Amino acid sequence: MSEGSANSQDYETVVKAGTAEKVAEFGGGPVSALKRIQHMLHKAPSMVPLIVLVMSIVIFGILLGSKFFSPFALTLILQQVAIVGIVGAAQSLVILTAGIDLSVGAIMVLSSVVMGQFAFRYGIPVEVAVGCGLLCGVLCGYINGWLVAVMKLPPFIVTLGMWQIVLATNFLYSANETIRSQDIDSQAPLLHFFGRTLSIGADEAGRGGATFTYGVIFMVCLVLLLAYVLRETAWGRHVYAVGDDPEAAELSGVQIRKVLISVYVLSGLICAFAGWVLIGRIGSVSPTSGQLSNIESITAVVIGGISLFGGRGSILGMLFGALIVGVFTLGLRLLGADAQWTYLLIGVLIIAAVAVDQWIRKVSV
Amino acid sequence: ADTGACLITKTDTNPFFVKMKEGAEAKAKELGIALKTFAGKVDGDHETQVAAIETCIADGAKGILLTASDTSSIVTAVKQARDAGILVIALDTPLEPADAADATFATDNFLAGELIGKWAKATLGDKAADARIAMLDLAISQPTVGVLRDQGFLQGFGIDLGNPDKWGDETDPRVVGHDVTAGNEEGGRKAMENLLAKDPAINVVYTINEPAAAGAYEALKSIGRENDVLIVSVDGGCPGVANVKDGIIGATSQQYPLLMASLGIEAIAKWAADGSKPEPTPGKSFYDTGVALVTDKPADGVESISVAEGTDRCWG
Amino acid sequence: MEPILRGVNLVKRYGRVTALDHCNFELYPGEILAVIGDNGAGKSSLIKAVSGATIPDEGEVYLEGKRVHFQSPLDARHAGIETVYQTLAMSPALSIADNMFMGRELRKPGFMGSVLRRLDRPEMERIAREKLTELGLMTIQNINQAVETLSGGQRQGVAVARAAAFGSKVIILDEPTAALGVKESRRVLELILDVKARGIPIVLISHNMPHVFEVADRIHIHRLGKRLCVINPKDHSMSDAVALMTGAKEPEEQHAA
Amino acid sequence: MSEGSANSQDYETVVKAGTAEKVAEFGGGPVSALKRIQHMLHKAPSMVPLIVLVMSIVIFGILLGSKFFSPFALTLILQQVAIVGIVGAAQSLVILTAGIDLSVGAIMVLSSVVMGQFAFRYGIPVEVAVGCGLLCGVLCGYINGWLVAVMKLPPFIVTLGMWQIVLATNFLYSANETIRSQDIDSQAPLLHFFGRTLSIGADEAGRGGATFTYGVIFMVCLVLLLAYVLRETAWGRHVYAVGDDPEAAELSGVQIRKVLISVYVLSGLICAFAGWVLIGRIGSVSPTSGQLSNIESITAVVIGGISLFGGRGSILGMLFGALIVGVFTLGLRLLGADAQWTYLLIGVLIIAAVAVDQWIRKVSV
Amino acid sequence: MEPILRGVNLVKRYGRVTALDHCNFELYPGEILAVIGDNGAGKSSLIKAVSGATIPDEGEVYLEGKRVHFQSPLDARHAGIETVYQTLAMSPALSIADNMFMGRELRKPGFMGSVLRRLDRPEMERIAREKLTELGLMTIQNINQAVETLSGGQRQGVAVARAAAFGSKVIILDEPTAALGVKESRRVLELILDVKARGIPIVLISHNMPHVFEVADRIHIHRLGKRLCVINPKDHSMSDAVALMTGAKEPEEQHAA
């Protein structure tokens, strides 16, 4: 070693003597109950929309009494939210990667049309037709993913283009023909699978009581599954990393291409499932459904606290976000607001819900 | 084919317009006319229709068939086209004023609503006095077709309309509420559910069109009420008529888009050949292509045709 | 002896800026090679070019004598080259452990891991805590903190700990101690010597001359986008090195690149 | 000073001697013509969509001949694009701050309705009515800005809520009444100001030739003005800084609240002008217009190369983006594609245009 | 003498992490105060609290004896406090000149400036170039480069140049030389002494002990979120300072905070 270094650095030798090292612990003040709640909210950010959701259920419950606060009305909200919730799950995945998917609704509808037309037009066994529909969703998702990941085009443009392409294909292919519920019931009941219900506490004629469609159950299971995958598997962490800072993710060894493509493919597949659930919900196969799915799903995602810039938020939050909108919609209608006023008030309430959310978050930093 | 024509519809996703387009295309082929078709992206998309008219002018078309999304706003663009020597015919929806177009081939939408309203009232008989009515409309912008059918229905049912130019201002307690469906199954189901949550005793459902009716039926079915509620609708598309047959819809007012389209094309061909314009139905400001109530449960005092007949004449 | 990692005639241009101007580079097995130079001389560009983070416009890279074409940092990592970039390359919203194990996560043993593919968080957190403790980063109170909430030095410590834990063939450190405190810097130097003792060669970019002269076997002096010369710290003083890298002095013939 | 320091740093003294310092110049290779073009593209990124635009005009010109490549058709495209271009200017400002404005179309329509109804329903002098309409836009913009800047709510949610609120207000207030073109002409011609035209080379009946409406001229001037303001004034730089990294901008002394509020207010004002231009374009005051303005303006912005993540891109690019869509639409329609096929092809072409853009950019790094 | 900038009993908590734990701080007129401490000790949190970048949970800040309530860094800047944050606070996509003059842009003289509000780019670029040259940052080839394309050290140089050019009452530098080269670091030290000569007091956070001992008048030693003690570099050795800040030694009574 050269001159200088030995004595210039000698002051550094003291650190070798060191003191007994342990992880630093700063003086924490007394921990109040409020502080503990705040800390919990900080750790589990999806709790915040959940609080907003519970608050709004309580408020409408007080205002409307048993009309709203009944198993029937509450499970009705779940049914009304099922499609948005499922599509929102797909949307969440994409938005977590800092993308956006405008084509979700179109993919959903095209997949449902493929399921229906394959079964009816070509007489393919319905199980196979359903498989083809799911494949159709996967394919659309793959094209999106390829354009985003490999061609490096902005997701907004890619999925905007795909939206138009898929929707036009849907109309051209289906020739705008609806397949009626009765025909499906008699010839291809599997298409109605997700429309079947599980009733609890209904009266003899099957009225009142809590009604869960298989679609609702599917939505809940899907969201829980994805929440697990995103939190507890390597792939999930990579999804967050890619959305957070793609350059850093790449430098630290994430295969961003693969992750992005897999996210869009999965999103396409989930949308195809949403298409199947849609058939169960509306009974028929109709090419004109799902026109607002993209905006509705993005709304649920954002109210649920997922950042549009990617990398932050939880998919459970999305579910609560979708439910918040559902609660407001039904609650306001029951309060007697007419359609135009409901529309206006939902605008106000969406902003208010997010403001409350933001406020709780701020308090709980 | 050196005679060019344009068909501009509100959307080309609604089966009604799809069939209209098919009818026009078939007729155009028969008469040797080059037809270009245009459509708004969503119902109510007015600007795209204006751009379409401009494109037709640039393209040197001889005639335009138009189902206007915004009946009075479009008038300026229509005037521009007529000034350029183009024959403009309104289909399905009369313009405001109706004489802004050279001719109109349309359904009388108010009448369509009135027919199902009368039928519903007659079918209920005494129970009509304490009916619980759900109104499933098109969109919150209250487009004219929607208002005409809705108010026609209420008129036929014997309910005081308030202002006949809008829905929602009726005071009759029999009306449970109005909700919007976007004219499709999804919207129909959700609107029905909302109104049912408001009043589970609903027993009469007016729907803007048959897809909305199918959605409403699913909602009723899910709570086991599909058999004790009367659903009425408008359109007369083949799936709709089949639903009348299956008892899903009680009665529907059938309109004839193929007729409108083929009459329109013929008029353009004539205009190109000898410069003559079509005449309106005597006593009306437009050529009425007719409307018929389709049901197998005819009611006294309301003229109707059978499902079999309706099936023969159905479209889509 | 054959260099383990070698760059020949590397060129990298950014618009009007030439970051690498026909630059050569050699790293020999088992050595610590320091790279020094002014700000903006092109040191980071050089190591990005040999570690797959950018693809050079011209020139070749050889690993153990074989030509390699890294298309991404992952390629280089699979080849055993682990790099701490100057920008640190961390996902700000993710936790310390998530960042340390990014791309090579540990899964739970048995069914949970192989079928449910569940991460072994406690284990990853334990190892992360251990590696940070080795570096003396004891002020990190919460191992689940998001990296964006760490202090500048803590963040750098995490990046260095990651590279040291996983490098197998070559470890490249771009200014690893810039934001570190006295104690933490010393730990990094000790760590570098440890790694060398394990037989793994290291590239160290640093502006801290005493540190460089303390650990380096050879010093690559970078100036205006190319290698000016390579000197042996035993034969030259710090003043010489500084004079060379700032252009106050010309290199002697035998050392010139 | 203490021990150590003097000799430890002695190696640093050599830098004081220094050499003659000058700005470093690395050896640059020979500069080819291609390189020079690349460099130019690098400096002026809005050139890239311009190239795509020119290419598409040439291609349609070749395919369609004089039907397309005529002053009449080309200026028609300008007219068709005017509204999107103006709204796109508002959208660009917001997107540059890393926001998004979904309420642009609704604000535009409400402002036009206010202008019309104030003049007709209340008989207010038309100049004042126009002023009120513009004020209405400013007010909506201010609310957006306040919620985003002060309440720190996500722009997507704020403007989504405002969209619903403004649209419903519009329907409730206008009672869905259209004010007819003839009435405007006779009683409040000022509302038609932007519909007036400047014709060059038309035949005697005023047909053919190049037709510029005042609306088109307004759009071009507005975009040029904003391009100047964004490039050449402090406010403009602050808009970019806020979008680029709001935290850094705040730390380096930008008043982000003020900047954000001013951007949203300006966006509201521009939308109100768009409403006035809209009256000129469609002749009447119609409350149902503008439903697709938000998606169309965002599309123009993104095709024009402005990043949805804020801080990057130029407003001129937005104009070219809008024109690209206009050219494709008219061109395809003139080629005789039917509506669904046109949508499908436009979807493909949007993706293709951005892919070409990306490719040119990559070549020109 | 009254401190020009003073913090009393400052507390800042982030969730479970306590970054400032009833910390005091004083800066006297005309002095260079160094703040040293381990990574994560809370140095950056301290200067953020006194410069308006964060609002402390508890405690007071006084400027020239008057209580101040900075709500934003801009408030502090208007009060004459200029800060180089550790994260540098630059807009990556904007140019060097844009960043240097952010929030205090120069306008063209006359009509162009007052009415058209046009920026005087040539002038701003000239000044930017001049300030960078003063710091010896000669490797910046293109003054219109976006900051994100600069090397780590170049970027830091721009931030320091900005603060030095505009500070009027207090200048705070959070690790200003961390990424700088030997030559550039020396320039920053000279600059600090220059600024002091102009009568402006400086807070310098640094991990480089020789630099700290070279320029500081007093040294504030920070440990575990609070001030451990203040020492005079003339009376203590670097080893003492390091021992204190790492906790190897307890402070003597008279210096304790």
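Which chain is which? They are A, B, C, D and E, in the order written, and residues in each are numbered from 1.
Assume a contact is a pair of C-beta atoms (placed from the backbone, for glycine too) under 8 Å apart; a residue touches a chain by one contact, two chains touch by 3 or more.
Values in this document were obtained by computation on a predicted structure and should not be read as measured data.
Undergrad: Where the contacts of chain B and chain E overlap, which chains show up?
TA: Touching chain B and chain E alike, sorted by label: A, D.
Undergrad: Applying the touch definition from the top, give me the chains sitting in contact with each of chain A and chain E.
TA: The shared contacts of chain A and chain E, listed by label, come to C, D.
Undergrad: Looking at B-D and D-E, which one has the bigger number of contacting C-beta pairs?
TA: D-E
Undergrad: List the centre-to-centre spacing of chain B and chain C in whole Å, with centres computed as mean CA coordinates.
TA: 71
Undergrad: Please work out the Cα centroid separation of chain A and chain C, and write it as a whole number of Å.
TA: Between these chains, centre-to-centre, one finds 40 Å.
Undergrad: Using mean CA coordinates as chain centres, what's the chain C-chain D distance in Å?
TA: Centre separation, chain C to chain D: 44 Å.
Undergrad: Approximately how many whole Å separate the CA-defined centres of chain A and chain B?
TA: Roughly 36 Å separates the two chain centres.
Undergrad: List, in ascending order, every residue of chain D touching at least 2 other chains.
TA: 4, 8-12, 15, 18, 24, 26, 168, 171, 340, 343
Undergrad: Which residues does chain E have that touch at least 2 chains other than itself?
TA: Residue numbers touching two or more other chains: 14-17, 40, 87, 139-141, 182-183, 185, 209-210, 224, 237-238, 242, 246.
Undergrad: Using the touch definition from the top, which residues of chain B touch two or more other chains?
TA: 12, 42, 140
Undergrad: Going by the touch definition at the top, which pairs of chains touch each other?
TA: Inter-chain contacts occur between A-B, A-C, A-D, A-E, B-D, C-D, C-E, D-E.
Undergrad: Given the complex with chain D, which residues does chain B contribute to the contact?
TA: Residues of chain B touching chain D: 12, 34, 36-39, 41-42, 44-48, 50-52, 54-55, 58-59, 69-77, 84, 96, 140-143, 165-166.
Undergrad: If we count contacts the way the header does, which residues on chain A are in touch with chain E in the complex?
TA: 8, 10-15, 17-19, 24, 26-28, 39, 42, 365
Undergrad: Name, in rising order, each residue of chain D that touches chain A in their complex.
TA: 4, 7-11, 98, 147, 151-154, 156-158, 160-165, 167-169, 171-172, 295, 298-299, 302-303, 307-309, 340-341, 343-344, 346-348, 350-351, 354-355, 358
Undergrad: Quick one: in the complex, what on chain A touches chain B?
TA: Touching chain B: residues 67-68, 72-73, 76, 79-80, 83, 171, 175-178, 180-182, 195, 197, 205-207, 211, 213, 278, 281-284, 286-292, 329-330, 333-334, 336, 338-340, 343 of chain A.
Undergrad: Which residues of chain E touch chain C in their complex?
TA: Against chain C, the touching part of chain E is residues 14-17, 37-41, 43-44, 86-87, 137, 139-142, 145, 149-154, 157, 175, 178-185, 207, 209, 224, 242, 245-246.
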